[in-house]
Amino acid sequence: MVKSFASDNNSNVHDEILRKLTEANIGHYISYGDDKYTQKAKLLFKETFGSNTEVFFVLTGTGAKVCALQAITDRYNAIICPETAHINIDECGAAEHVLGTKLLDVATSNGKLTNENIEEYLHFIADEHHVQPKIISITQATELGTVYTIEELKNLVNFAKKQQFKVHMDGARLCNAAVTLNCSLKELTTDIGIDVLSFGGTKNGMMIGEAVVFFYPEDIKYFPFIRKQNMQLISKMRYIAAQYIPYLSSNLWYTNAKQANDMALYLYEKLKSTLPEILTAKPESNALFVKLPNDIAIKMQKERFFYAWDIKQNLYRFMTSYDMESADIDDFVKFLIKYLRR
Amino acid sequence: MVKSFASDNNSNVHDEILRKLTEANIGHYISYGDDKYTQKAKLLFKETFGSNTEVFFVLTGTGAKVCALQAITDRYNAIICPETAHINIDECGAAEHVLGTKLLDVATSNGKLTNENIEEYLHFIADEHHVQPKIISITQATELGTVYTIEELKNLVNFAKKQQFKVHMDGARLCNAAVTLNCSLKELTTDIGIDVLSFGGTKNGMMIGEAVVFFYPEDIKYFPFIRKQNMQLISKMRYIAAQYIPYLSSNLWYTNAKQANDMALYLYEKLKSTLPEILTAKPESNALFVKLPNDIAIKMQKERFFYAWDIKQNLYRFMTSYDMESADIDDFVKFLIKYLRR
Amino acid sequence: MVKSFASDNNSNVHDEILRKLTEANIGHYISYGDDKYTQKAKLLFKETFGSNTEVFFVLTGTGAKVCALQAITDRYNAIICPETAHINIDECGAAEHVLGTKLLDVATSNGKLTNENIEEYLHFIADEHHVQPKIISITQATELGTVYTIEELKNLVNFAKKQQFKVHMDGARLCNAAVTLNCSLKELTTDIGIDVLSFGGTKNGMMIGEAVVFFYPEDIKYFPFIRKQNMQLISKMRYIAAQYIPYLSSNLWYTNAKQANDMALYLYEKLKSTLPEILTAKPESNALFVKLPNDIAIKMQKERFFYAWDIKQNLYRFMTSYDMESADIDDFVKFLIKYLRR
Amino acid sequence: MVKSFASDNNSNVHDEILRKLTEANIGHYISYGDDKYTQKAKLLFKETFGSNTEVFFVLTGTGAKVCALQAITDRYNAIICPETAHINIDECGAAEHVLGTKLLDVATSNGKLTNENIEEYLHFIADEHHVQPKIISITQATELGTVYTIEELKNLVNFAKKQQFKVHMDGARLCNAAVTLNCSLKELTTDIGIDVLSFGGTKNGMMIGEAVVFFYPEDIKYFPFIRKQNMQLISKMRYIAAQYIPYLSSNLWYTNAKQANDMALYLYEKLKSTLPEILTAKPESNALFVKLPNDIAIKMQKERFFYAWDIKQNLYRFMTSYDMESADIDDFVKFLIKYLRR
């Protein structure tokens, strides 16, 4: 079966996770999280991210982000984020619709926020005519496939905290970033001083479900109400929690992300020797951005769908997945050559 | 393993559904619903509810209700519902939080809305000082375990439509009602003139996921945006849709609901001969409400959790599930006798 | 010119207030409250309500209530109020629309909340499925024209505070209540432990504008943002503030409210001797509720408009105003007799 | 008394308007708009803007904009506006807070939107992941003091309508623009095809109050509810409406705006001959933007307050008012020279 380079969420569920779901499917458990799988998964989050960590399971990436942000904003606050942030551009205005919160989106060249982006809004503070920026939301790896270095993160978070800001990290592809930086998940979050992380596994071998991870216990006090009123409380919670057990305990997060990243690099290398003219930058995670003639791209998408990123700039995105192997890449490169070499 | 009478969502996933999930777990599919399982499930909804039916899959019961209601309300509208409605009492104010909509909740004796409840608010219409009631939300079977007859439904829906109202049905336990009334799902919805149904299977053998079912195509125009901005769009949609395939095609909805209802009746009959003093009414679906001394109930809940319904009235709820058999009931009755007969 | 008994807001602006507006109309002042009239009015509020008092001027009664409530609620909180509360019934769902907050409205016989009404919701606390009640909103004098005694208020507020609730008072007719109880405004608010008061003068001789009065400084920290984002910040604030100067400094609030109350009593006495059959209870403030045949009432309303309160119960409301004199009452009684005595 | 160049809302109320308020202060009128002053003002709006025009009075500029925008948006819509738009930057996030609507703000050099700004977002249409842009909001004169020509407006509005967009105009300083362009108010709105206008007079000699003006009757159907639930319905409406009577019938809007514009030009000319180095562009309405050394500006602001526009660029704003005369300008120039010529 041909694999899709449209998105890493086109992939299926890793066997080990499906097995765990089957295992968890025995008998009755009290709903809403009062079950042994949820308890076990919570412990694994503490082991992975540190003992102060508190985790809550929700259902979608957007849900995780909106709930996380609600926990650290008040109604008069604004959130500074890159204009490419998923929450800004790809969620049908969920943050504004549900929270009534303004996103102060800033242009960036690479999807990463800088101290200057925060500084620009500091004159808003204490002026009643302006919403009050108090949160930054950053994505690691970014929507552009780039990865903040540990140094960059520390510098940004330190500056934000000095200004009394809170920091949310969108970790839909945090594992890919950790593989790139060759560091632990804790080194990328807890140790940096992130306040709250939305941590998904769907793009990396899970079926459904996201985790909202808090690093400072004072922020969780009202989170159960936030989750419920944002329609993110599942009754049969064991089926979300259970997936995180192999994901965190048997290093599946790492193995899967590494394979996806490796395949992106392998694709990049293959293209360098076959279609170097379409390449832009070397991939930092599992996304490759290429330049294609728009008319040909349209024909290609009909055979194998992938996303246009910016038609004006002829920019298209290829994403690799945890379940791809070199044969899948070879096959895809053949497909590309068929259209682009005639 | 002891089964829980706390709620029908304490049960596990029916084998046939889990098998379908495993079958759907092969290879890549385009996300967000562009896959063959979603297409198949959509067809099954048309077969079950009629060819005008359009279905959208979402994630939680609250999400299904809020999305369904958003599709048929404007910002100045209010929703009339029984005060016992799940959306009014058990969803942490989600409808108000997300939609900003006022619920006009009315006291009922049995969880059912009547024409009089609508009539009471008609003087609000066209007065700028009042929110404009334009929707009723009814639950079938109700949160009190009662079931509207077809006649009652027709009468209510006809009256509502004559007043230009739209009708939402919360069908978290619609299958149990259909079993009770010995009718099809279509006879309870499409044929009555319901506008939109939220249709869950979690309480009846599914893992996760809900369906928002529209009966009038003009109401769906903007629903994809509503679903996304309410954080109810799952990327790997095949895993929700696939569950509905056996549920609808092999009559699992019926077999499961029938078993749950039968077990509630069996429990009722057993108690009639052993603890008749705790009984209230004969169950109409899969919920049994009993009167217990509060001090003893607290002890019982520690051994086997079940919900208090109204402590002032000594009222408690027992729910039966699709996976219970007479031995489970016999065992539960023994447990009840142990506490209540000494 | 015939005066209207429809509402006390049909009256005009008291001469002394209009004179003050004319006086304030000289030259330029920095907008948004940085002017000497606003400073002076703020001082008068401290003199009237106590030195901890902080006041903010807004524009409508609904605006005052929504802003006040936002200051003391979080998004997962609910507000307990009588079902007759203006905020519940007469504001087109503003609290739900703007704040997304659920009102838990309770039936009362006389428009007054009791400890039992709070108690009924205490089992909601800490349960993630329920919005969290944490605020009560009471109206003094009530929408039914009744007046809480000091004792009733103390009892209710003490109980609420013991449960960690905050207390909002809708004081649209607070002055009328103070006249009835023969006490100061401070004795009805600050001394009782009210947290925040919305205090209007429009019904008592002012032109436009409301005051949100805080009694605990910790609640005002973010109020300037709340006022602005709720569209209640006027640029030329001197014209709101200036009205409160004669209102508070020359006891206009008292003189005006006393006259309105006296006229309601005078109307009651006149009717006792002419149309005793239409009377219900003796007025406690400036509202009189009477029973009229609906068919005759409709004809009467065409000649002189007044409000139906509850048509099913043949209940209608007459309101007296600060600018009425006994001749206006005599004239109105003649009008009533004309319709009701033939 | 020294006049302020901080904002045109620092000015007082024009005598003719205050006289009208005094005249309107006789006797009782039914509240909420059922009075002869409101009826008269409504007629004047039809005379001024055309017979299809429907006007509703509200209280603040932010209120007018939010209400107007709510009337033409649905919950999944976004509004395209310049990043300098008052609604985007100066209203504490009111649109997001109250409507839950996303503003798609675009960078401009001169505060004016172009067809290209709309085009950029057209690929959002019909994609469920993106909010759906369907409204543009433009300001005339802009917040930067520039004025769209009739040609520019026609071009923009035609393009927007071809894309099925609706057009909102923020007319806080519409009169100043009409003076600049030497055209009628109708030529700038009705004749262009604007859908809804928020039209304030506070910056041009009124006391308080704004008008929401609709040009297509189908948009007003639910506006009374929108106004009420957005806390913008005043009870004693005659006091808002009455101000618009001299404003529209005796050409006060024109005389006042002309004076303000003339004074801005006069200030510009005076500075050209005394402090030419601080000038940027010739004023198009009643705002002048100048470059000042920040350290000196801070000292100047302490003596006479005016606003910094962009400190990084040393940009400051001076605004002239309807009530200024050449002597006020001369005096202000002396003040400027005192600080800038030593």
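So that you can tell them apart, the chains are marked A, B, C and D in the order they are listed, and the count of residues begins at 1 in each.
We adopt the following convention: a residue touches a chain if its C-beta (ideal position, glycine included) is under 8 Å from a C-beta of that chain, and two chains touch if they have at least 3 such contacts.
All of these numbers come straight from a predicted model, not from anything done at the bench.
For the pairs B-D and A-B, the larger set of C-beta contacts lies at A-B.
Two copies of one chain, chain A and chain D, form a contact in which over half of the residue numbers belong to both partners.
Rounded to a whole number, the gap between the C-alpha centres of chain A and chain D is 42 angstrom. Chain D has its Cα centroid 50 Å from the Cα centroid of chain B. Separating the centre of chain A from that of chain B, both taken as means of CA atoms, is a distance of 33 Å.
Touching of two or more other chains is recorded for residues 75-76, 91-93, 97-98, 100, 128-129, 131, 225, 228-229, 233 of chain B. Put simply, chain B touches chain A in their complex at residues 1-4, 6-7, 9-13, 18, 21-22, 25-31, 59-63, 66, 91-94, 97-98, 202-203, 207-208, 225, 228-236, 239-240, 305, 321.
Every residue of chain C that touches chain B in the complex is listed here, in rising order: 75-76, 78, 89-93, 96-98, 100-103, 123, 128-131, 311.
Partner chain A is touched in their complex by these residues of chain C: 32, 70, 74-76, 100, 128-129, 131-132, 222, 224-229, 233.
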